[in-house]
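Pasting the structures in now, so scroll down.
Two complexes are shown next, each including chain A; its partner changes from chain B in the first to chain C in the second.
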Partner chain A sequence: MIAQEIRQPVIWSALAVLALVLWLASGSIDALAKFPADWVLAPTAVMNAFMERCVELFGPAFKAVGWVLEWPVRWAQMLLHALPWSVIATFFVLLGWFGAGWRLALFAGVSLLYMAVIGYWGESMNTLAIVLISVPMAVLVGFAFGVLGFYSERAKRIIMPILDLLQTIPAFAYLLPILILFGFGTTVGLVASVLYAFPPMVRNTILGLRAVPGEIVEAGVMSGTTPWQLFWKVRLPAARKQVLLGVNQSTMASLSMVIIASIIGGTNDIGWEVLSTMRKADFGASLLAGFVIALIAMALDRITYAYAMKPKEIDGPARSPWIVGGAVLLGVAALSLVIPALNEWPKNFVWNPAPAMNAALEKAVVDWRLWIEAIKNSAFFYVMLPIKIGLGQAVSPFTWGFALTPMLKAGYAAFVLAAAGWAYFRNRATLASLILLWGVVSFIGLTNTPWPALFAIIVYAAYVTAGRGLAIGTALALAFLILAGVWPQSVLSLYLCGIAVLISFVVGTAIGIWASESRIVSAIMRPIMDTLQTMPLFVILIPFVMVFKIGEFTALLAVIAYAIVPAIRYTEHGLRNLPGEVIEAAETIGCSRWQMLLRVKLPLALPAIMLGLNQTIIYGIGMLVIAALVGTNGLGQQIYIGLGDGDFGVGMTAGIGMAAIAMIADRMTQAVSRRRQEKYGLEVQAV
Partner chain B sequence: MKRIKAMMLASVFAAGTATTAFAADPIRIAINEWTGQHISAHIAGSMLKEMGHEVEYVTAGAVPQFAAIATGDLHLQPEVWSNNVGEIYPKAVESGDIQVIGDLGLKPSEGWFYPPYMAEKCPGLPAYDALYECAQAFAAADTFPKGRLITYPADWGTRSKDLVEALDMPFQPVAGGSEGAMVAEMKSAVAAKQPMLMMFWQPHWIFADLDLDLVEWDKATADCESGPGQKRGDACGFAQATIKKIVSGDFEKNYPKAYAALDNMRLSNDIQNALIKKIDDEGVPVEEAVAEWMAANESSWKGWISGSGSSDASSIIDQIESLKASVEKLEKMLAQ
Partner chain C sequence: MESDVRSADVKLSCRNVWKVYGKNPERFFDGRRGDVGTEGDARVLADKLRENDLIVASANVSFDVKVGEIFVIMGLSGSGKSTMVRCLSRIVEPTAGEILLDGENLLAASKRELIEYRRSKMGMVFQNFGLMPHLNVLDNVAFPLEVQGMDLKDRRTKAMEMIERVGLSGREGSFPAQLSGGQQQRVGIARSLAVEPELWFLDEPFSALDPLIRRQMQDEFLRLQRELHKSIVFITHDFLEALRIADRMAIMRDGMVVQIGRPADLILNPADDYVREFTNDVPWEMVLTAGDIADPDRPVVAGMGQVSADTTVDLLLPYLANHEAGVKVNDAGGNYLGAMNAMDVVKALASGVPEPVEVMA
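After this line comes the complex of A and B, so read on.
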């Protein structure tokens, strides 16, 4: 422990010096500033060759599978289109009612009515059809792997990293290989959504089966069950809730993937509508279509969640409501034969507020122009540019109003040294060395930091937070990025995502704290967060571009809009679910509200907040791909270049790169969170 | 909605019969994301319907559609822009999985567009030479003192950037990210009368909404090569794209008459722009707008079908070219 305390500050300071020296040297040695192009091993060529071989060998088999898979979707579409809208709407209302009462029924009813009123009924049903087929497939596959992973430790060790990869590789990156293998059509969306939706099912199945108390299993064994009975009659019913939560999460994942996959085309679904309106920059229409998706998602989420949480009736007289429900459905169907408006939503009743919404946005842009410019410029000059190209270049008469003279540079150096010295003499050597490092990197700028120095800094940070294993993994992943020739793009992604995560985390935690103290804030935030999380993210981009123009600032805002949600959620959740005894104890010794928050609640909730940070990072990285649509130059853009050129290797390299960064960040934050948990003897569950 | 329902049912039944009777397979036409293409596709489709073919419209992404046409999942795409095709397309054309049937007749113009009020701030426009003097009029915070030039998204190539570098212009290229982002920027810039210079293309529906002017170069040559070859005082700007009609490899064999009619089909910028305005501005559905046009222009599309119509010089050149191609194909087969 003592050795560790001395070693850390020394190494951090050494890294700061290394960065500075290499940066000074990079003026004369090009290889330091930029990884030499000759050293780049092009993995893309290998990947493309591999893919071509795959297509040659298995192409026909995949095509055949694709052809078979097309049928269930077509049947589902046929069924949903043949049924009158009123029957489908009634069905969902009944489903909601039996699941969780009249509130959910009302919500489901309003959601479906919205689809019809806004004129997107047909497209919505096409989307629903794919989800309807993909969810059972994902659930079956996920359940099978989950059970396998539960019984066999070895299988689990293989399955888990694959799940990580499937969930962190940006969805866009695996559309192309699926398209190449399965051929054009609805199948692409179906396969992609199954691939993306089964991992949560696996995780929840394993989690649920593990959590079955040993006494229950023992009781089962003692009463002489066969292994088969033990599983189906004892373990599974006991794990029912968690497994059904898996179904819920799979449904949500499937829906979000179906929307992304519509970029391929083949189905006239609601995702295609969103993409087309987004292409036209038709803000109003894209928002309206986006709401359809958010509503479908929320309705499916609430309904599946309700059934997962519902206590199971043992004796099952529960059949009668379904008979009533069936009768109601038949009644509505019969009515719709008589009243055509119930069969097909009348065209005259379609309401289209999109033009008015567009006009309002345009007016806002014109009226608030000066404010908008001021916000954008100050964020750009004082935050983004310094981090990107360093204070050394960012400070100029145009940006900050004065030039960075040698005097000022000396002053900056003196200030950093003084701060470090102050920390050192207060016995916080590690902090002092980190201040040094920060001082050097923010002067040079992230994109100008020589790659060997940045490599060393990140690997050491991984070592300090999570130990040798992660350090090795990090080194390998970074080496992959460097050798694949996408290091500059990776650093740009790191820069954009880093700022976004920082802001999301600070602001999100603050809102989360506020929401945990105030019921009103909490009630206001919840629907906003649900919408941000379920709406296709393209929709957010258009208004941002219209207000803030193409460029990194807009991309930053888009990433923040998405990544801030988990920061808020986890903070609120963590603060609201603290051990009651501790709070009571603090109350009896007479803590004030602020003391309670700062001294008791926040430290206890820290592990949960750290998990929120973890999710914020993952979400931020995921959003980078979408943000590239408003003009960034990071890894996200590479994925489109791959997709646009039909180049499997380019897209996959960037995808793996992003997955690697996400996983490193995930392991680091989890390690910190775990350490805090152990310190306080707490246990945290995912929200 | 009714249309969609009918379409869905039709597609389901059509696919059901597809396995039993190959000839009854409907001609599947790709529908991309922009209005101009919808018009071309629906005109082609309506014409084929008049000829007695069954037609199905399938939504397809601009790049994924090539994979679909190459495998025969889709049959026809009447409006392919030669500058945005990716890698699958040239490979498939080379192998014969996709067959090109000549120009559609649209004359695209690509280049740097600006709103007319910028000519007041930069009097020398539309000559590109004026941009050297008044780059600051186009500047923004993130590019100052250089002017801000929105280019195509990074995945569409780097022609504007190359040109800025070759001509040493005081402009900073900013990648547009996506068509939606570019259009959004255009709309908001014009609404607030802000400076704007953007690489864009015509025909495009935005020109039904906004008035934009094109920067002019020293000369306009057909074989203009974008990039390092150009110099100030001797710049030709950009190589202009061509717009082709393409079909799947076995289309000519399966539908010879449809193939011939498509070969004769010609549209013009004026036709598209008028229809685009009707659809995007006045809110007329594509089907209705196209049906109206079909009714009013019976002679042109009947001419395409009978082959007696306007066989202008370009179509003769096309025919010679396609003849050449088929001769080459024959030679290849003979060589094997």
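After this line comes the complex of A and C, so read on.
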């Protein structure tokens, strides 16, 4: 038995040696380099057979349900197309006005006007129609399950893991079974968006109902309420804000899924417009359409949020605005009968700057070609390639300008050993062992690390951070990936996501620290982050593809752009919400600004920062799947292949794999953060 | 002390009530009988329950609340006092025992009957007010009437009346979040009185308020009670508050009642060291009354002044300082009870000094 305090460094060092030995051996033993193909269990065939059986058995039933569901969407589309654009625009302006005043009204008005001017009115309405039908369905379903989960502990224990699953499996992956069961059509988008949008409603309903103070409920009981009255007159109104926040989140989820679902095509909505123009490299049009999506998202978000946060008014005068609103709408409708331009946006008023934008972009890309190439190449040669295939292969005269001679190899080994030795003699044995491991893996490269070694490293990391339970879960999940034959793709995903998360975390934490110390930075960052977070993931891709074309680097940038947000948010939030007395105490003791930051604030904010890392990883994995659209070779690509071929097994295996990786990363980082929180007696609120 | 109370005068009677949390605590009680024998037997059972990983919130609690009296339950946090008051209205279901309201067993009432009791006979005030955040003051106060199905106009008239009574006229359109703590508790009080209950429960109603406001609210509460004559169960952890307010009080510890009596009884004859600890902090002269000290055997001297029995001792000190012979004490009806002098007061106060200084010979 090794003593507790040296067990970790010894095991890490052993793992480093194991990786090195197996890598050396893999030259002669193929089974080490690559998991032998005939050991793969091929669950895809079983899954496909299962799915076929399902379609045989339930196909007609699903088709029937799909047929029924299609009608409300059609009606909504018919309604939105039949109504004059001016009436719909006025309606949104009024919604914004009553919700939060003239600013929101203006924003809503400009957004809708933009859709008309740019000539995407019809497509926008098609998207809106699906959202219009799916949100009430998701809200109703979510509310019902939420209430059930609130009253019955047993129901909650069944519902919660299902929600976890629905929210961690990449959205694309479960388009697949829906597509197979329901067949092509708008129903796929509708069903997918309801499935994706109801979990936040469940969570918020349960959360809200739970948070109602006991005394309020007791006051209700003592007033002599029946159970029915207690729910509708006391619990629900007291939980109103949280429940409405659920509606807000459901709406956003629904929209983002509707956009994602347009990938299966044939819907003529705004998401399809973005995709098809992107595929044609018509980036101007793609950006313009993407902007429509961003505007819809922001308008819907702000409006539903405003209604959730709005205090309830005394019921007297609150009715009159709606009467005024109705009158205004009727007035506009009457006017549009007289003035045709108010009914349908005139064709010659449509302004299409896309060709001009494309030309400008082309010119810019040509003009700046050298710079763009330089950025791309240096990132690729000096960061991405070494991690992917290892320094051993990445360093060559072509990339780094010199060859890796045995001399240099020895130098590298000496450097790593020296660094580890230095750490060891500073009494940081664990750090020393981790430096060793890092040195070995970066020389071999992530994709070249023999699978048994990588497997052992990840499982042990899970054990160290979160204990035996997670280690077993991790081992099972990794075994699934290996046996299902998607290990190479998983490692590729791990590599890309790993780099993105690392960069997002480092840069994001730095920005977060800066924002916490400077009001101006904070004020500048906030709207940028809000926008990045409300924007459907798709749209984030567009500017990067425009400049850097398709490839891993573009995907990396897109993932970073999205995943950096929580790192910034949580760091700033954590640093700004420290116990005031501790800061005052440190000030009284005489800490300088830097001492305060490094010695007091950062250590105390560590739990919050760790939670930020957790969210960064989750966001990164979420975006990775979308980023596969612009050329990556990981699990995301597998999901597309599955979706493209209608191959349930392939898509689903990759989807489950992604979800498994996300869940493992989630549990590991959560565990670290929770341990810190308990140690400090602090509780970090989600931002 | 309890025996001389005719049962007709008792509004609410709590008999051997137990509340035990945990897995299936009923197995330790025969049916719902809480009468497990002597006080000692009850203590043994409570210990046994705790050994079985059950949580005993209240154990073998018995007391009577008389019509029109303020009965205070005093105890530190975790003593089971809040659980107890919730058992009285069955917000918390007692594990065993009996609760008699006007002689009828509340624990035998059906759910429907219980709702009816709460709608007509009980009102409750909460420590953190328990106001509905989504209703304004008027609708909060009218809420108990609303759930009974009273129509809008009637219930608002009634609620306005109550709002006036607690001095909040003009704020009826405000929402709870816009009011100060003291104002919020006034709303809570008005709401609890809206159905004109006979039984009024107050669970630490003034604990969340700052000391000045607390004092004010206590005075207002006593004023209201003088007008309304409710039968009250008042919970507090503040011994001084209990002394100010109580007609009678019970001290609870670890779920059990340690002592029941008038405030002066507790001070003069504390049942054990636990009660004595509380009385140490009390300025006795402000609690003891002439009636507590008056001695019927003391000779009456001509020219002695006379005071009523409920005069507190502190107010008598200046007179006694100047009149060595003392003062006559009469009860409320003017009947002679006894007499007292300065030495009697010193002796009574001396009995409460826990660690007297050693005086050199």
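Everything that follows uses one rule, which is that the second predicted complex is superposed on the first by the 609 of 687 C-alpha atoms of A that agree within 3 Å, B and C clash if a C-alpha of one lies under 4 Å from a C-alpha of the other, contacts with A are read in each partner's own complex, and residues count from 1 in each chain.
We adopt the following convention: a contact is a pair of C-beta atoms (placed from the backbone, for glycine too) under 8 Å apart; a residue touches a chain by one contact, two chains touch by 3 or more.
Keep in mind that this is a model prediction, so the values were computed, not measured.
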(request) Using the touch criterion from the header, give the chain among chain B and chain C with more contacted residues in chain A. (result) B
(message) For A:365, using the defined touch cut-off, is the partner it touches chain B, chain C, both, or neither? Pick first, second, both or neither.
(response) first
(request) Look at A:222 in the shared chain and tell me whether it touches chain B only, chain C only, both, or neither; answer first, second, both or neither. (result) second
(request) Would you check which partner chain A:595 touches, where first means chain B only, second means chain C only, and both and neither mean what they say? (result) neither
(message) Just checking: does A:263 make contact with chain B only, chain C only, both, or neither of them? Give me first, second, both or neither.
(response) first
(message) Under the stated touch criterion, which partner chain does A:405 make contact with: chain B (first), chain C (second), both, or neither?
(response) neither
(request) Have a look at where A:518 lands relative to chain B and chain C in the superposition and call it first, second, both or neither. (result) neither
(message) If I apply the document's touch criterion, which positions on chain A are contacted by chain B in one structure and by chain C in the other?
(response) none
(request) Please give the residue numbers of chain C that touch chain A in the complex, ascending. (result) 86, 89, 91, 115-116, 118-120, 122-124, 126-136, 143-144, 146-148, 173, 175, 188, 191-192, 195, 201
(message) Under the definition above, what is the set of chain A residues touching chain B in their complex?
(response) 63, 70, 74-75, 77-78, 81-82, 119, 121-123, 126, 179-180, 183-185, 188, 263-268, 272, 275-276, 278-281, 283, 344-345, 347, 362, 365-366, 369, 373, 376-377, 380-381, 398, 538, 541-542, 545-547, 549-553, 628-633, 637, 640-641, 643-647
(request) Please name which positions on chain A make contact with chain C in the complex. (result) 213, 215-216, 218-226, 229, 233-234, 237-238, 240, 311-312, 314
(request) Spell out the residues on chain B that touch chain A in their complex, using ranges where they run on. (result) 1-2, 4-5, 7-9, 11-12, 15, 30-31, 33-35, 58-61, 63-68, 71, 73-74, 84, 86-88, 140-142, 144-145, 150, 153-156, 174-189, 191-192, 194, 205, 280
